[in-house]
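Labels A, B and C are assigned to the chains in the order they are written; within every chain, residues are numbered from 1.
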C-alpha cells in the first residue's frame, strides 16, 4: 500500500497526477490519501503528524510525502526505511521524528532521474516513481546518505503546538499523550484544559483534551468547534500544566 | 463495492485510515466515497440523504456509515440488511429511513471486537473491519438485535428541511419528489417556488425546485447559488404549498 | 485509465456516483481525479486547462469530462479521439482546444441511451457508462459528428486570463509558456511580473510568473498566496508585455 501525505489539498491536479504515475507504474498497489492537507509549506509541524499517523500502518507501507516548499532548490531528495516502513520525499526535516523514534532506520539519497524533471513538481516527476519502485519491491534507487542535511536534531521530541485542525474543529497537537502525566492539563489560548476520555463523557460545550486514536493529545469541545471557540490554529502554542 | 457515507470531510486522516483498513482486509473490493460531508453530527438529516442515495446502488453494496456524535458512548453498533444492501454504523437513527422504506430488512448487533478499540474512532477500528467482512461475503459478526434503541419511529417519513447544500449551492431537501403533488410549490425562506424540470428550462436567476437525480426535491437557481441567494442552509424549514 | 475532469467538487455524491458506475461497468480500469474543481459552469476556461493537463497523459487514457451548465438542454453529447486519447462529455466547447491542438482528431455523437436518463446528471447516467465502454476497448457507441455545434472557432488559441487558482493561491493562466517570448512579462491586476524558474529562485514575497509543470504560465508569490496578495481570481485578465 502507498499512503499519500502531502500539503496539496485534494482539489486541483496535483494529487491526481501523482496517482496517475502510481497507477501507471505500480498498477497492483493500492493508494490511499492519509493527509492531503498537512500543514502547508511547514515540514516541521508535518513531521510530528507523520510520525504519529504512520505508526498505525503495517510494515511494508510506502509513504509518499510531499511538503516541499524548497522544491527545485538544494534540499536533498531522500528515501527512509524505518521499522519496516518506507518514506519518500524531500530531505527537509519531514522524516526527522520518524527517524528519531525508529528502532532501526536507514536513509538513501535518490539517485534515479526521470526523463523529464519539472522545476516545481518533484512529487509527480521524482517521488511518485520512486515510491512505486519501492512498493513493487525494488531496492532503493540510490546510495546511503552520507550527510545530515535532511536531519533536524534541534527540533524537540514532541511539539508543544497545534499541528492540525480537523474537519470538526478539533485541534491536534504535536504532543504524544503517552509522554504526559495522566493528570496533565494543557494550557492553550488563555485556558487550562482537563483531560477527558472522549466527547460524550463531558457536558455539551465543555473544552478538554484527550488521547486521540493515533496517540496524540487533541483539544476538543463536546458538540462544538474547538478551533473557533478557543481560537486555535496550526502553530498555536501549548503548555503542559501538572 | 463498499460506499462510504460519513461526515468526516475528505481532508484529514479519517477517510484515509478507514480506506487503509478496507484495502488491507478486503483488497479485492472497490471503495467509493458517496458522501464525505453528510450533515456533521446530525444522524437525522443524514438518514434521509442516505435512504435516497443508497436506493440507486445495486444489491450487494455495503454502506459504511459514520455520522456518530455519540462515539464511545452507549449507542449500539449495528448492521442492517435492507433489500439486499448492507449498512454498518452507529445505531443512532442513521438507518431509520432505510429500514422504514425497505420491503425486507434485518438488524444485528455487532459483537465482533477489534484487538484495539480507540474511544473516538470506531469508524476505523470497528465499522470498517465489519464492512470489509460483509463485502467479502462473510455472515454478519453478531446477533439479531432485540431492542429498538437504534430506531426513531417519531421521525417523519419525509423531512421538510434542507438536508444538504452541494458544491453549486443547490439545496437538497429530505423530501421525496414522488410524494408531492405534481404541481406542488415549496415555501422556503419567505419565497414560494414553482417546480421545474432542470436548470436550463428557466430564465437565468430564476429559483425553482425539481426532482433531482436521486428522487429528492432540490432547490436551485438557474446559473446562481440558491443557498446564498435564498439564504438556505442545512436545517432550513420547508413547507409544501399545493 | 479513466481521468475525471469535472466542476463537481469532491464533496457531495456526484463524483462518487460516477465512480460507482465506472467500477460497476469497468472494474479493471483505474480511475483518478484530475480536476474536480474545474471552473464551475465555465466550459471555456475549462477547455484551456483540459488541453494543457491532458497532454501529460499517455495515449489510451479516457477523460470523463463534465463541465455542463446546459445539462438537459440541446447541447450535443460527444466523444472525441485526439492523438490517441479519448474524451467524453458535453459538446459545449469543452474539447475545443484539445481538438485544435491535435495532429489527428475524430468526433462522434453519443447515440447510446441508458435505461434511465435523469434530466440533471448526465455525468452519471450517460457520460460515465460511455467512458467505461471506451476504457474497456469498445468502439465509440455513436456516429461521426456532422455539424460543428460543439466547436468554438472564435475562441483564441491561448486564453489571456486566470483559469484556475490552486490550493496554495497560485494562479494558473490559460496561456502556454511556450508561445511567450523568453523574456516576456505579464501584466495583471496593475502589476508587471517578471519570469522566474521556480519558487525558491526569488526573494520571499516576490511575485513572478513561471512555466508550470504542465506548460502553462502560472503566477506565484514565493511563500505567499498570489491570489490574495495580487487580487487574482478565475477570469482576471492578463496582458503580455515584451
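Convention: contacts are C-beta pairs under 8 Å (C-beta built on N, C-alpha and C of every residue); 3 or more make two chains touch, one makes a residue touch a chain.
From a predicted model like this one, the values you see are computed outputs, not experimental measurements.
In the assembly without chain B, touching between the remaining chains still links all of them into one piece.
Taking CA atoms, the transformation carrying chain A onto chain B includes a rotation by 120°, reported to the nearest 5. For the pair chain B and chain C, the fraction of shared interface numbers is less than half, so the two copies use mostly different residues to meet. With centres defined as mean CA coordinates, chain C is found 31 Å away from chain B.
Counting only residues that touch two or more partner chains, chain A has 9-10. Those residues of chain C whose C-beta lies close enough to touch chain B in the complex are 7-17, 19-20, 23-24, 27, 40-41, 69-73, 118-121, 124-125. Within the complex formed with chain B, the chain A residues making contact are 1, 3, 9-10, 30, 32-37, 53, 56-58, 164, 166-168, 197-201, 210, 212-214, 223.
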